[in-house]
Amino acid sequence: MTYLTRTLLSIDQLVAEVSSPACGGTCVFLGTVRNGPEETSVKAIEYSAYEEMVEAEFGRLVADAAKRWPDARIAVQHRLGTIPAGEASIGIAAAAPHRAQAFEACRFVIEEVKRRIPVWKKELRVDGSEVWVDPSGRPTHV
Amino acid sequence: MTYLTRTLLSIDQLVAEVSSPACGGTCVFLGTVRNGPEETSVKAIEYSAYEEMVEAEFGRLVADAAKRWPDARIAVQHRLGTIPAGEASIGIAAAAPHRAQAFEACRFVIEEVKRRIPVWKKELRVDGSEVWVDPSGRPTHV
Amino acid sequence: MHATSATVRVRFFAHYAELVGRSEAEVSLPFPATVGDVVRRVREDLPGGRRLPERPLTAVNLQHVKLDASVRNGDEVAFLPPIAGG
Amino acid sequence: MHATSATVRVRFFAHYAELVGRSEAEVSLPFPATVGDVVRRVREDLPGGRRLPERPLTAVNLQHVKLDASVRNGDEVAFLPPIAGG
């Protein structure tokens, strides 16, 4: 499996990948492009990446999770390209014999993604402007 | 919506119910009938409930969650009847503006379900025996 | 009927229904009464009632209650085995 | 070519690629060298290089590294804007 896709993420596919007779709990996380009160009319977000490094870093990240939760099964996929508001940019599924492990492993993966996976986003606004998103704070107009 | 169903749970339907332009994170939990090393060959589990109370208690539980996470949107459905190993008995979706709220609300719901929602399960084993599951410990042969 | 007695509908679920061989019963007892009084009466009077625990989990009118909760005429009192949902 | 110089491929992504108007460059510098040396050279020699931060996030051969990591001939050194995935 590759960790990147340019098409709609499928929760069912992620869940199917991790399901196993020994796993009683599955936790799924979906990150979705918002258009809420905090986003000045975001029409879509354009996601780009250092693709070869994303694949390598996701491999290391999943291996790190497997070390911490040896019984957990993890699947993750990040979508790239222009993603309209309301659609998911990332999907993570973690299945484990017990639910605490599933929640913890899933949460670990999304936190590490935010820290390690070289993906960037540019907000495409309804007024035609474009803004690189800097999660550390300052939006950067381009 | 009713909180009980006797047919296959649909993750997509739960996610669709909670999705909203203001919510950037969605956490889903699926509880699945296991047939792992800890289960002496469980073929299926028969779920039964005090159905009127399940509906009332789920209403109170979701209201409790809404008080703690006012921006979260929550959907939950419990399946009853005979559920074969590998299929889900409960599905929970929690969407929120930020992911921490989504994870916490989803985790809260499943922990409260285990504590409050009057549902019982009887393991149907491959050798034909049946066992009521007592989560406090002792399995009770019937 | 005089207000010095209360009649409640008692419901049994799952393993408890199997232990007493029925899913419901009607119990009358002197008023005022508590859920604990209902439990004692069921264990004493119902065939197989002794197989039920002395302090089961209980609900009145679809709400979890403790054994010292009071019951009124017409209430529905449920005996709940250890919860195993999810 | 003598082993006293190293040539690395430098890659720019997202906002940084826009700031320097290109997605890659080749940089030669005296060996031994660190990622920090590559960053300094890029900022000095590349048109628009001063628009890049002095201490960007960097990777060598697809792995996150600090600025004091050493680089070798043939390495791929990437300038990574603040990560915004997920």
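Per-chain residue numbering starts at 1, and chain names A, B, C and D are given in the order in which the chains are listed.
The rule is short, and it goes like this: contacts are C-beta pairs under 8 Å (C-beta built on N, C-alpha and C of every residue); 3 or more make two chains touch, one makes a residue touch a chain.
Owing to the predicted nature of the structure, the values given are computational and were not obtained by experimental measurement.
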| item | value |
| --- | --- |
| Separation of chain C from chain B in steps, with touching chains one step apart | 1 |
| Centre distance in Å when chain A and chain C are each reduced to the mean of their C-alpha atoms | 50 |
| Inter-centroid spacing, chain D versus chain C (mean Cα positions, whole Å) | 75 |
| Centre distance in Å when chain A and chain B are each reduced to the mean of their C-alpha atoms | 24 |
| For chain D, residues contacting two or more additional chains | none |
| Shared-contact residues (touching 2 or more other chains) in chain A | 31, 110 |
| Set of all touching chain pairs, with the criterion as stated earlier | A-B, A-D, B-C |
| Chain B to chain C touching residues, read off their complex | 31, 47-50, 52-53, 56-57, 78, 89-90, 110, 113-122, 132-136, 140, 142 |
| Partner chain B, residues of chain C touching it in the complex | 11, 13-15, 18, 59, 62-64, 78, 80-86 |
| Chain B contact footprint on chain A (complex, rising order) | 11-12, 15, 19-38, 85-86, 95, 97, 99, 102-103, 106-107, 110 |
